[in-house]
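Note that subunit A is present in both complexes that follow, paired respectively with subunit B and with subunit C.
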Partner chain A sequence: MPSLRPDACPGLTATVVERLKEANVSTVIEFLNRGLEELSKDCGLPYQELTAIRRVLLAQYSSFPMSGVDMYDEAVSASAILSTGSHGLDTLLDGGLYTGEITEMIGPPAAGKTQVCIATAVAVVMETDHNVVYIDTGGSLCPSRLHQVMQSHDITEEKYEEMCQRIQCFKIFDIFQLQECLQELHQKILNQSAPFHSNLKLIIVDSVAAVILPILGGAQTDSHGHMIHLSRILKSLATDCSTAVLITNNTTGANNDTGQVLPSLGRSWHHIPNTRIAISRMNESSSKSFSSESKSETRRVSLVKSCKQVIGGSTMIAIKDTGVT
Partner chain B sequence: MQRELSSFPIQPSLMSKLTKAGFTTVEDLTDLKPLQLSQELSISNEEALDLLNLVRGEHPSKLKLKQTTSFTAFDMLQNEESQQCIVTFSEQLDNMLGGGLPVCKITEFCGAPGAGKTQISIQLSVDVQIPTCFGGLQGEAVYIDTEGSFVAARAADIAKATVEHCSNIAQAENNEEQLKSMEAFTWESVLAGIHYYRCNDYLQLLATVHLLPEFLTQHPKVKLIVVDSIAFHFRHDFDDFSLRTRILNGMAQSFIKLATQLNLAVMLTNQMTTRVNADGGSHLTPALGESWGHASTIRVILYWRDRQRYARLYKSPSKQDMTVPFQVTLGGIRDVKTSEDQSHNMQGASTSQHKPQSNYEQNTNEHNTKNAQYQTASSSEPYHTGGTERAYGSGQDRKRSRIDS
Partner chain C sequence: MNEMARKSESGFQVLARLGARPDISRLDTILFPDGLSQRQVIELFGGEGTGKTEMLMYLIVRCILPKTWNGLHIGGLGIGVVFLDTDYHFSILRLATILETHLTKAVQQNNAMKCENNTLKNDTIKFNTNQENENLHDANGDKITGITNQTGLTEEQIETFVKSCFQRLHVIRCNTSTQLVVTVHSLESLLGNHPDIGVLMLDSVSAFYWIDRNSGGDNVATQENNQRHLVRALDKLINEYNLVLFATKQMIFVKRQKQDQDNDSTPGGYHTPKGGSTNYDEIDHCEFMCKQWQTLVSDRWIFSRHEMKQVQKINSRSYIFRVLQTSRVKPKGHVTFGIDDSGIVDMQIVT
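Moving on, here comes the complex of A and B:
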């Protein structure tokens, strides 16, 4: 809701703004919502002048139409599909992570979410010349693990150093810092000031729930706004800056009657990601007792939400020392 | 896209004033003077100044919070390699955790009553103080006790055993630096290095956690924060579950923030609860529900089986699942020796794989012969304390009841 300010557009002089204010119109929205005839009576400004201002404001704030062909061409030329490093996962995601989309991975604790994030980051810097931003909100990014996964790709030490420089990490622990960080990224990418940012194609946030849950719940009312705001920044990072955004989220409802697993953060968050995959441990029923010795590196990944693939498909991945396969 | 004001930590009443006056993005505020803003919003000058400082990122008192610096993965790796771990005195447990309790991470130990959670807590608050010349961190510990299970006499036992162990190494090696540092490293000094908080309800716990950053700036030597247990106050009298989730996750975030910024280790213990399966059976699972499961970076489950304690690594960003046995002796946490011969073979093998983390392994031949308390079957196995119980003998029944036989 931007306010009406002198010189915001021609014709909107200081006296006009003053007059409008007297008629209780101080923001653009208020101006556009009022009938012009009524307004010209209230503030004693000529009708034509107000129409001109309205026209300019509308043009200034409206978005532009785009033809489907142009959109398609742009999608084909500008979007990239980033491999996650695991063939099964790529197939499930119709090729991998799409730029311009938010992909969410949900799962219970120790399901392997962070492992997939690490493997994807490594796969992107190894196989493409794109850069990665990794935002760690839970302190779970483990550089030595990153190293271990990279080593399995059999590279020299100098090459390794170069690869590592292309993964930029942020350690962020509250939502305000996260919003600030993402906003800065957004600006840097659009400015194309640094070579790192102009080649940035993947943004990982592991996990969003860790920063949102501390402000959600209880009697807080504004926290919901922060969550939606965060989702808007993520969306605009994905679309405006054509990056692929990979986020992780917790699950809830594992113990309800239906046994259906839902992502946490509530219903309004469910709509945010374009694609959602759920990851869980295998044979959970038999190994549910923690004292059982069964070790499993296999995880089941299933597609919960997608606009490209049939929902409900699933695949097996294995989390090994060498990464995710 | 301009950053919106709603993405700043601004109180709702002020925010609604801003919105009403038409200020929604940072740009709207950049050219304003505090006086103008205070008139526009009819707020005090100070409030207006605070607001402008916040939005322009020039808040003088919150400079520390503004550390959204980025690292490359390479910086992080080098950083991590220079970091040390807190040893547990059980070599197998250390191996499982990747050298011991890591700093900059939250490690959670879950277990049913009597599984050894408090013992490990006390052991680690002692071990964090081992002098640097022995490969320790020479730090201090903050011990937040919610259950009242910390026993000072037990801490003294473990401290004495640890000090004795170090002094034996120093004497065996005849290392002057080590001998010198032993003068300051006594069991009294170890106990003095544990800052103990007793929290009787969750309000106290919350308040303590909020005050911790201040305490830690006054005590920069603190390298370990123990909360034993995080679950206790949250498992009863809590109707509003969303509030509980919020409080717990808020605490987890402030812990991980402290851990990363101050390079210290956070160790939490958690209780177990019974979950009923769909098929009518039940199993034990860590308390506080699923959302809490994400809070800790590393999760270890402690349990008993066949009269033997086990620790299972359930969640870790860098290690595979693993289960190792351990025991609690009078001197603290130790590796298990099933029988003298078996352990000789087994331990011998595991020692050779173990990359040296500290000086414990050096010259243990001499040290073992000198020290009856740590006398073990395997001369190459320094962690071992098979003889501990014998050394103290009878008359210690009170203590024995707390430790394994």
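Moving on, here comes the complex of A and C:
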């Protein structure tokens, strides 16, 4: 909670701060909560002066309202939909990954979450001039696989180098480093200092569970606080910087009766993403029509949460040497 | 407000504050069969993906749609809305789509009505030709000459319409709980300058719950500090400006019994609550906000999502959403609805 510091705004001199403190007002919110007349009486400061301070404090610490018209114009001009490289997946997501949104992909181990991440990153740099940041927290990003998927696009060696530079990879293993790294990205995008960051449109975190799960448990409020803090950073990256955020998460085999899989990390996290897709291997009964060879590479992806689409749809994707189709 | 404070207000602001805020009683006949009164605070509670934000979208659209447009009867209220977005789930493009659908429907209805009116006229029945009806006919007459698609509206016309609705909408994003409290304080000037604003929305009130808990130390009272400040600021605004507040609250906690009951229910089926609705509903809700918030809330809507049976499926929709409306403790009734690309559809009162 921001406290009232001298010189934070013109009228707020050291003596004024001292007087306010005597009247039990030491933070911005305490100041705003008090009626000005009452406050003026309590600390013997002129009413007009307090009004001026109040106005400055409000301007400094509040968020500004945006008219629906401006927001609409900005959304129309700044929004982009990034193709994942897989036609089926794009259709499921109503075109692809939307900037300004967090898309979460959940699935059990070896369901192909990382493969979809890699394919999406490659598709974005190949088909658009946008850049990608790929944050690997589980050590699951394999450079040779990235190379393999890129090669399938049939490009020259020079072009390959250029493409690789447009995917910036970070290996991060704990939540605090991740928070720091993302905040730094936020700053760099807003400053628009480097050409890489002004063109950054996709941020992938594979996976969030790998950094959050180790801190969960124990003192619950602490760990949940850190988790939600991370989600705030991701959310503001998506909306303020107009980037698409793709994260992956594990599943919990919570309900065996209904066969329903739930994302891990608990209820508080469930509310965070705008869109969630679940990826899973085909089970025996539904994959009979496929040959044994294709069974291993076919995955079912379904839309389980969306803020803009009818949920419940699903599609098949195949993971091949060339990427995801 | 006291004498001195009034001095700092402009005459216009005083008028805006003291003058009547727009009439919101007819916001929706299904959701508010008894009408909606000013200063009501409605909490929308539910797990993820149960349609809370979608319901807010629906209510925004009802508010910001005009009563009439170019002589067309649209049926909205033409009221301004302030949307405080803390969850960042608000999508203006989604809202634009819903507005467009409403316009299309209104045009089609008007056309149908016009045909009816014409036949009536042919039967030489004297029709009540008041000003509004006259306009309606003129507008439709103009449209018919320029019909290009089903509705006869050009893309520019639709865009102008959508933008004219968005003029009544004000969106504010907040990223920390302090920022939210200060922003609510700062709304005075926005509300003063826009006397047409009658509805305040907050999506969601629980967004900073864990962060507040975490930064408050071991003392529960300090953990709830920001919540209390928020409630105080909201309360002041609502009462001074006669607003209605809609706020979503996420289901962060769940009571044990509820989970057991879920396991019992038949998979895939649209299960009806067991053992009387009152019992079920009490179990569904789990309070975690501060006392002050609980007192502020006058109505609570509890959202849930149910899978539909194969035979019930309409238009590939596979879920049905249920809202239980309660006032403080007493259940008032159920409403069900579906969600498709055009927003909330098929809203019904369940008896």
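Some observations on this one:
In the analysis below, the second predicted complex is superposed on the first by the 307 of 325 C-alpha atoms of A that agree within 3 Å, B and C clash if a C-alpha of one lies under 4 Å from a C-alpha of the other, contacts with A are read in each partner's own complex, and residues count from 1 in each chain.
Definition applied: contacts are C-beta pairs under 8 Å (C-beta built on N, C-alpha and C of every residue); 3 or more make two chains touch, one makes a residue touch a chain.
Just so you know, these numbers come straight off a predicted model, no measurement behind them.
Of the two partner chains placed by the overlay, only subunit C lies in contact with A:His271; subunit B stays clear of it.
Residue contacts after overlaying the shared chain place A:Asn199 against neither subunit B nor subunit C.
Of the two partner chains placed around the shared chain by superposition, subunit B is the only one that A:Phe170 touches, whereas subunit C remains out of contact.
Between subunit B and subunit C, B touches the greater number of residues of subunit A.
In the superposition on chain A, contact of A:Asp321 is made with subunit B only, not with subunit C. When the shared chain is aligned, subunit C comes close enough to touch A:Lys305, but subunit B does not.
Once the two complexes are overlaid on the shared chain, A:Asp222 sits against subunit B and subunit C alike. When the shared chain is aligned, subunit B and subunit C each come close enough to touch A:Ser236.
When the two complexes are overlaid on their common chain A, residue A:Gln179 makes contact with subunit B while staying clear of subunit C. Counting contacts by the rule stated earlier, residues 1-2, 28, 221-222, 225-226, 229, 236, 255, 259 of subunit A appear in both its interface with subunit B and its interface with subunit C.
Interface of subunit B with subunit A (complex): residues 1, 3-4, 6-9, 12, 15, 19, 21-25, 28, 65, 68, 70-74, 76-77, 79-81, 98, 104-106, 110, 240, 242-243, 245-246, 249-250, 252-254, 256-257, 259-260, 275, 277-279, 283-285, 290-291, 293-295, 297, 299, 301, 303, 305, 310, 312, 314-315, 317-318, 320-323.
Interface of subunit A with subunit B (complex): residues 1-4, 26-28, 108-110, 114-115, 118, 121, 133-134, 137-148, 161, 163-174, 176-177, 179-181, 183-184, 186-187, 207, 209-211, 213-218, 220-222, 225-226, 229-230, 233, 236, 240, 250-252, 254-255, 259, 264, 285, 288-291, 293, 295-297, 321. In the complex of the two chains, the subunit A residues touching subunit C come out as 1-2, 28-29, 32-33, 35-37, 47, 51, 57-59, 61-69, 71-72, 75-76, 79, 100-101, 221-222, 224-229, 232, 235-236, 238-239, 255, 257-259, 267-268, 270-271, 274, 304-313.
Subunit C makes touch with subunit A in their complex at residues 2, 4-5, 8, 47-49, 53-54, 64, 82, 87-89, 91-96, 162-163, 165-176, 178-183, 185-187, 190, 204, 208-211, 213-215, 223, 225-226, 229, 232-233, 250-254, 262-263, 267-268, 316-319, 339-341.
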